[in-house]
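What follows is a group of structures, each given as structure tokens.
Each of the two complexes below includes chain A, the first together with chain B, the second together with chain C.
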Partner chain A sequence: MRYMVCLDGSEQAKKAFDFATRLIQKEDMMYLVTILRTGIYKDDAQMMIMKYEQSCMEMGIPYEAIIVEGNLDPRDAIINMVEKYMIDTLVVGTRGMSTIKKMFLGSVSSYCVTNAPCDVLVAK
Partner chain B sequence: MKYLVLVDESKGAHNAFNMALKIMNKEKDELHILNVINEGDAMENYFEVSKNKSQTLLENYSEKCHKNGVKHYNPTSLVGDVRNESINYCQKHAINMIIVGSRGMGMLSRALLGSVSEYIVGHSPVSVLVVKKSEDEPVAMSGNI
Partner chain C sequence: MKIMVCVDGSECSELAFSRVAVLFDKEKDYLLITSVVDKETLPLAPFIGPEEAATRFKASEYQQDEYYRHVLSNYSQRADSFAGHNCGFSLLGPDTGTSTIGELICNKAREQHVDLILLGRRGLNRVKRAFMGSVSKYVLEHAPCDVWIAKG
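And now, the complex of A and B:
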């Protein structure tokens, strides 16, 4: 099974990653993806994602890190990556860096649940 | 890990169940299977019919568990609103993850995500896996409907 975890440096994303690692079995693959937006430097994103690459290495999980440039809307970018890498299960947190707690689910997570052409795991 | 799969007679439930079998550890993990009979259906004359349907449904799924080597499975039938009952069940049984199909029965075929699944995703106290893919049919590409 091919998993893709969406990372943005938030605690929620970390939860999503941790939960995904509990499900990973032999022969599974973990794709770590982060979407660059204005205000986020590539170096910072690389540093952020490196920690997750490290964790994968320590746990013996085959992984690939993907940093998507071009200041795309994360919703579209994530769906594109899911299609490009033929992902089986997309893993998202409930919300990312946004602190708006009014909604049950952040806008990106919500969009992914509804529109992703694959299974979606919302980690809480 | 303790998994909860919500089942009804839909193909979505079937897919959700199959996914549970795929990801769980059949020796160690617990698979809880819940079918909720709608309160409306449970009224008067229809109650016996609904109860029997539920029973049969759960027996079929239990059979599948057994055939697939699942050691710990727990089928349950409840009457009420599936949304509330599933959330309560999670809390009562310390469930780690709910697995639902993306659409159940009676859904507009154009809806990408059923209202129950959507509710569960938003209100569940635990992680939720929304299963869209099935073994035989490909899922439509996102976007254009």
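And now, the complex of A and C:
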């Protein structure tokens, strides 16, 4: 099974990653994806993703890190990546860096759940 | 990990169940197969008088129960091959109070300390316009744990 975890440096994303690692089995593949936007430097994104790459290495999980450039809307970018890499399960947190706690599911996660052409795992 | 899969006999729950078969780790996991008797799909009869209505109501309630039991027993048998003894099943509702299907599922998950709820995007409801069924939507928002929505 091919998993894709959406990372943005938030605690929510970390929870999503941690939960995915509990489910992952021998023949599975983990794609770590982050979407670059204005205000986020590529170096910072690379450093952030490196921590996750290290975790995958330590746990023996085959992985690939993807940094999407071009200041795209993260919703579209994520769905594009899902299609490009033929992902079976998309893993998202409930929210990202936004602090609006009123909404249960952030705009990106919500969009992914309704529009992803694959299974979606929402980690709380 | 304690995994709860919610089934109602629909195509979507079939997809959800086949996902569990792949994910399940016989050494470490426990599977709880859950189904909820849905009173809302009771057929509406034209006016036929209170006694006749009561009889028909009871009969269809019985049929409803039977249907969901049958669904559960079918899945339980199939779970045997990959879960063995690490499997239980639970038939919820119909609730005499005002709990919705989603509420019954979430309450059960809470009570059983479930780690992951797995369900389909829609259920038996034929309204395909809606991207996501009302039960899945409710469970996503109110589950006490992570939720896996199987595509369909």
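For the reader, a short list of remarks on this structure follows.
Throughout what follows, the second predicted complex is superposed on the first by the 124 of 124 C-alpha atoms of A that agree within 3 Å, B and C clash if a C-alpha of one lies under 4 Å from a C-alpha of the other, contacts with A are read in each partner's own complex, and residues count from 1 in each chain.
Here, a contact is a pair of C-beta atoms (placed from the backbone, for glycine too) under 8 Å apart; a residue touches a chain by one contact, two chains touch by 3 or more.
This one's a predicted model, so the numbers in the text were calculated from it and none came from an experiment.
Applying the stated clash criterion after superposition on chain A shows that chain B and chain C collide. Of the two partner chains, chain B and chain C are each touched by A:Met1.
Of the two partner chains placed by superposition, A:Val68 touches none, neither chain B nor chain C.
When both complexes are overlaid on chain A, the residue A:Thr114 reaches chain B and chain C alike. In the superposition on chain A, contact is made by A:Ile79 with chain B only, not with chain C. Contacts of A:Ile49 after superposition on the shared chain: neither chain B nor chain C is touched. Shared interface residues of chain A (contacting chain B in one complex, chain C in the other): 1, 19, 22-23, 25, 89, 104-105, 113-124. On chain A, the positions that touch chain B within their shared complex are 1, 19, 22-23, 25, 79, 83, 88-89, 104-105, 113-124.
Residues 1, 19, 22-23, 25, 89, 104-105, 113-124 of chain A are the ones that touch chain C when the two sit in their complex. The residues of chain B lying in touch with chain A in their complex are 1, 19, 22-23, 112-113, 118, 121-133, 139-143. Contact residues on chain C toward chain A in their complex (touch as defined above): 1, 19, 22-23, 25, 116, 131-132, 140-141, 143, 145-151.
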